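All chains are identified by letter, namely A, B and C, in their written order; residue positions are counted from 1 within each chain.
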C-alpha cells in the first residue's frame, strides 16, 4: 500500500485496496486454512452437531486502554459468551467498520492484539468483512465478532440456578469498567487499574469437567456482577443472598469507585465468570478453578435460596440487609 | 482506603446500635437528615433496620437537584437552545424533567450541553470555545458554592470573559428553620457533614436556642452515622439540645474561613424557591452586582410557562411529610428507568434511594 | 451531590494539587485550602479540596471506636 498511512474509502470498496488491506494486515495475522482460502464463507467441520452461536459488537472508547484494546476485547468477549454457555469455542468471524482516516498503524495494533487473544484462546478467525464509513460518520473503529463453539457435554449445561446452590466468582470485580473510565482523558484521572479482559474458555472447561453439579455460568460484562445475579435469580424465580464481606474488589478499583460514587457490583468486567454449583460440589469446583491462571482468586460470594424470589439481597458489612437491584439506565457509556 | 475503611467496622457499629437502643429506649424519636449524600449513605448501609422501631430517620430537602424548581430547568433548557451558548452542568442535572424537556433531551436534539465534574472543567471549556458563552448551571448547597465562586474569581483573573454562571445555589440553615416551624414533629437534625465543613457549627446554633432542636453534624460512613444518631438520642434523653460535631476530622466549629470569604465575595443571600416548601427568605445565593457580567440571568431567553407534574408527591417527600411509597406514581409510572419527578431522577433523591435499596415488590 | 472523598496530596503546583486515593490520582483546585501541605489528607468535592482532614481528630474518633469494639 506504499505510502498510504490511513484508511481510505477505497479500502472498503471491494477492489484492489480492499485486497491489499486483507493481504497486508488481516491475513498474515489471522492465517488459518479456512481464512486463507478467502472464500465468501468458511466451510467448517465440527466434531459434534450441537453448536453454540453468539455475536457481539464492540464500540469501546478509548480503543486502547490499560490492559487491552478493542481487538483483544472483540475476541475474548465472544469466546467468553460461548464458554459460559458450556461450549468449547472454535471459530470466530470478525467484521470491521472503520472510519475514513483511521490510522493504519492503529489497525495493525488492533489486529495483532486480536491475533494474540485468539491464539491464547485457541480459536481461529475464519472469515471477516471490512467496511469504511466517511469521516465523521463512525467513531474510528467498531468491531463485530460472531463465534461458533461445540457443546460436547450431554446433557448440556442447564444454565439455570438451583435452590441451595453456592455462587462462586473467579476474580476481582470492576477492573475493566474502571480501567476504561479512568483512562478517558476528559475525566482528569489516572489510575493504575488494568482491564481484566481475558479468554476464560480454559477455565470454564476445567470447571465443567470438575463439577457435574455445575448448573450455570455467566459472563459478568455490562451491568457487572449485579446484572448477572439478578438475571440468574429472575430466570429461575429464586432468590440470591450475597455477603458483602466476601466480594472481591481491589483497593485500586475501590478508590476509583469512591471518587466517582460508583459501586463495583455494577461495573463491567471482561474476565469474570459467576458460577452456580450444587453445594456439595462447591469445594471441588473452587479447587479446580484455583488451579487455572484465570481462577487463582476464586471464592464463594453467596448462595441461591427460596426467599425473595427474583431478588438479590446482600448482607452488608455492618450486618444489615439491602437489595442489589439491576442497574437502571446507562451509567458508564461505551465501556465494551 | 485510609479515612474510609476504619469507619466501617462492624463491631463498633453494633456497639453503637446497642447504645442507641439503651439510650432511646421506647421513646418515639424522629430525626431528619438534610443531605442527599446522607440519604444515600443511610439507605445503602441499611442502618434503619438496626435501629429501634421507635426511632425514625427521615429524609428532608437535602438533595439540591430535587429542591430546584422546574423553572430553573426550563431556563437552562432555553439557554441551551441559543446557538451561542455552551451549557456545562454536573451530571445529576441532565435527566431532571423541566416543564416539557430536560437537558438530556436537548443534548440528544443536538444542543451543546456538556457534563462536567468540576467548575474548573467548565472554565477550560470557556477557554477552548471563545466564540460561545459557556454557562455553568450552579446547583448545590454550601459545599459546592465555594467551588463555583472560585471559578468565577479565576475567570476574572485570567480574563476568560465568556464564562458565566446560572446560580441556583441554596443554603441549608434557613430551610431547617422553615422545617422547625412546619407541620413535622422533629426531635433533631442530622446536619450535613460536608456543608458543615464549609460553614462550621455556628449557623445551626439558632436551632438549639430558638427551637430546642438537637443537632449533630455527621460524617457519611456507617460508624459516623450511628455515632451521630447516638449523640442525637442522648441529647433528646438528657434534654440538652445543642449543636455537636460528630464529624470532627473534617468539620471545625469555624468551618473553612477561606471558602466562606470567597463565597461572600462573589455571592449574596437572596430569597429562593424550594420545591414543595415554597419561597424561603435568604435561602439562596445570587451573584453580586460587581460580578454582573458573570451572571447568566442577564442572557435573554424565552422561557416557556412552567408546569408542575400532576400526581407527583416530590414536594411532600422533600419536607419529610411523605415517604416515597406514599406517592401514587412511585414504582409504577415513576421508576429510575422512567422517572417523573426529581426525587427519582436524582442520584441522591429519596425516591431513588428507596427504590434502589429498600423497596420490595408487593 | 455532596459526595466528597478523603484523598492524599502528593504534589502541589500553585493553586492546583495532585491527589490520590488507592492508586488513582487526579488534579484538584486548592483555592479553598491555602495552607495545605504535601502529605496532608484533604476532602475532595467537585474537583476542589474543601478542607484538610484533621489527623488528630481522626485518630481520636478511631480510638473511641476501638474502645467501643472492646466493650463487652
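Going forward, a contact is a pair of C-beta atoms (placed from the backbone, for glycine too) under 8 Å apart; a residue touches a chain by one contact, two chains touch by 3 or more.
Since the structure is predicted, the reported quantities are computational estimates derived from the model, not experimental observations.
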item	value
More contacts between chains, A-B or B-C	B-C
Longest centre-to-centre distance from subunit C, chain (CA-based)	A
Distance from the mean Cα position of subunit C to that of subunit A, given in whole angstrom	36
Distance from the mean Cα position of subunit C to that of subunit B, given in whole angstrom	21
Subunit A and subunit B, separation of their C-alpha mean positions in angstrom	38
Contacts with 2+ other chains: residues of subunit B	1, 4, 117-118, 121
Contacts with 2+ other chains: residues of subunit C	3, 5, 21-22, 47
Contacts with 2+ other chains: residues of subunit A	187-188, 251, 254-255, 258, 261
Residue ranges of subunit B in contact with subunit C within the complex	1-4, 6-7, 9, 11-12, 15-16, 35-37, 63-65, 90, 92, 117-121, 139-141, 143-144, 146-147, 150, 153-154, 192-195, 197-198, 223, 227, 248-252, 256, 258-259, 262, 346, 348
Subunit A partner contacts - residues on subunit B that touch it in the complex	1, 4, 8, 10, 13-14, 43-50, 95, 117-118, 121, 222, 335-337, 347, 355-361
Of all residues in subunit A, those that touch subunit B in their complex	186-188, 251, 254-255, 258, 261, 308, 310-311, 316-323, 325, 328-329
Subunit C residues within the subunit B interface of the complex	1-6, 8, 21-22, 28-29, 31-34, 41, 43, 45-48, 50-51, 53-55, 57-58, 60-62, 64-66, 68-69, 71
Partner subunit C, residues of subunit A touching it in the complex	182, 187-193, 251-256, 258-259, 261
